[in-house]
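For clarity, chains are labelled A, B, C, D, E and F in written order, and residue numbers in each chain start from 1.
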């Protein structure tokens, strides 16, 4: 404990835009216990999310151990989560709007504006984890059985295999 | 409290096979706080899962508020969960085998045997909730934007719309 | 974490009947964090309980850190727990019946049928602990003061000493 | 909330000795959420325990929802708890000695001095509950099956029935 | 539950600067469960903090039920918290810097720049509470005994009384 | 675990009065996990507080991680806590009176009698921590900026500097 300093409670760089040129046009910069050791046992963390103009997407995902609360810093986002009885709760958010994604539920954020969008998110865990739904299913290693995915998604196994090739890169 | 009786801690019927003729060939019978009021505040519940022969599937889903531990009572199941770094942890389970699905992670169970399969699952919440991944995305009401899903799953919007029609029935 | 595999989330053998020829005619096979390292921090575990015909008894005991939910797989059990105001909540359970034993309360299960009985129990702790009431009091090492037990149970100290010899074997 | 006052956080009377002339020569005066509404959600409570001279006994019991920490204010107590592997951890406590009884484990306190003894206990729950082991088993209402208790305690059913009459008064 | 809508998870207005012309030159706009009912049971909330140029101060305070994590959106803040062994952990934060104030510890934020400063804070409670240290001591109603405060702060009782008049307005 | 003994659950010495001749006329003797290793993970601890006659003061402080419940063993105390909306909840306590100080709120105890006073306190954490408000602000190392404190307390910076010299000794 005597070795702990103020540095252990600080993180620099949430002013820097993430690279949205890859993936689906979004980028998450995390500030959790992996970056800030002082968060250990404290049950909270933060992240910056950048979105490319015209459709930058943080695709459907869950945080297995955390609720997320998000505020739009810049731009316009269409956001939503889906409940366990398959209701979509969604809103279009402008700068300054806040939205809550309850623990463990599938949710997404999409830039529906013509400019960059930026959000600050906070999560109720020091290490919330993120599970990308499509990537986890079609890009798992080793792969999930193709016929299982075909049945679950009501698509052909051949399409599953094509998707698996795409997601596994 | 003086009105509470032993009935409030009991549930009958986990010996009865669920109807696996619909859906994807599986059926879940829950024994949680909705059925057993005495479970209130106690942080645990149970369920029976039935699987049709030759591919009865409990499709990829999450429990937003619970870890699941499952034991096979009858038959042979291929089960797995996917971690937040997209690793598939899977096993083929025979009668008496136990497997754990950590809180919030996408997981599935598939009957790979030629006969009915039955499992008993316990969950670390009195009301764990279940989110079916494919159903929540393609069968949400109102629907999730088709172009968003197309981008997330790397498929055509026309296919998304076909899937949405199928999942919404 | 990179060394973790699917093996860490699995346990084999809950299909195998425990030996009910000793003790009081019951046997508990545990599947907790001692057997399944992947249960660490996840707050749940499982067990199989076997009962000999005609009176196999899982004697009055507590789980200091867990609620138990139990389903009968085979046979007929008389089960019950006692509340902090000394009310007995009990039921006779047949195959498929589920019963809840709230955290920390004294409870028991007795085979009242003519055949073997089997139950699957789940507990709301990765390491619930079990305290056998009679054994803990009369079989403790070093022994609990005999006159203390005599007073608590309203019996002679000589009987306490005889019981201590029997429980300590 | 605007109706809350300092009275809701106060309790008077832990200076008054409980009546130790009945029962087994001990008396517990509780200061928990039933007496102090301000304790709601705060996870702690207190109690005074009085012991008659020469053997006043707080007999073996558990607190299903709390750890207890106790300090001797006056007198000499022999105290102990039993672990889940049937080890007795015990000490003789003098004035000013503190002892811990971990959550859910069977424990007791006995006045081994020639004068009154007094202890202040704190418990890690706003409503810890107390289960008297002997009373809960032999004094339950309705009674626990006598043959079950006979088997569990390795005594005759006739003795069980005599004890049940004594405990039920 | 069927009455719940997306509105219950949303809050508008964190883009609007608070009025920093009063108090000590800072203003907090909360987005907690009082504004967002959907946060109930979810253990997180958010706030915007505005600071007037040249010394706008969010004075020493605690959150009795929450850790705070803060990111600077605009300007330059000198921030710090004091540990239970009276060590000051402080940093000067620029735009994009993140700092953590552990649960319950006294902390402050001061605008040391020549322009407005803005921060977004997240807190690990749906209703974290805020206790202003100076205000709670010198502005309490009814007042804290002046001689007690004089002794605690090593100042004259006459100064305490002057401060109490100022804080009570 | 096999090395654990009854010693790990015991602490001696809460009968011994602390030295109230220094500081502000009070002294706290702790019995937490630093003194009693068996308290680890158990979420409770204890302390004895001594007060000099005629004004012995346990000055305004918080416990960042614990609620406190206190009983007066000897003497007369004026105690109070301040809520997050700056209401003082206070009482004069005599021997045997119990009072609760909710988690994280500023509180104090003052001996208003002519003799020594003694209290036993219990706290809802194995390591509750104590933050002395005046000491943490004026005696922090390195010092908190004097102009910041001057502004927060509505006093001159020169007085702040004098106080800092006094508190830092």
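Here is the rule we use: a residue touches a chain if its C-beta (ideal position, glycine included) is under 8 Å from a C-beta of that chain, and two chains touch if they have at least 3 such contacts.
This is a predicted model, so every value here is computed, not measured.
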Contact steps required, at the very least, to link chain B with chain E come to 2
Using each chain's Cα centroid, which is most distant from the centroid of chain D? A
Over half shared numbers or under half: where do the identical copies chain E and chain F land at their interface, same or different? same
What is the distance, in whole Å, between the centres of chain D and chain F, each centre taken as the mean of its C-alpha atoms? 29
Based only on mean CA positions, could you tell me how far chain A sits from chain F in angstrom? 44
Here the gap between chain A and chain B, centre to centre from mean Cα coordinates and rounded to Å, is 23
What parts of chain B, by residue number, touch at least two of the other chains? 80, 90, 102-103
Which category does the touching pattern between chains fall into here: line, ring, star, complete, or other? ring
Circular arrangement of chains, read from chain B onward through chain C: B, C, D, F, E, A
Please name which positions on chain A make contact with chain B in the complex. 24, 55, 57, 59-60, 62-65, 78, 80, 82, 84, 86-88, 90, 102-106, 108, 110, 129-145, 147-149, 151-155, 159, 163, 166-167
Looking at the complex, which residues from chain D come into contact with chain F? 5-6, 9-16, 31, 36, 38-39, 42-46, 48, 67, 69, 71-73, 80-81, 89-91, 93-103, 120, 122-124
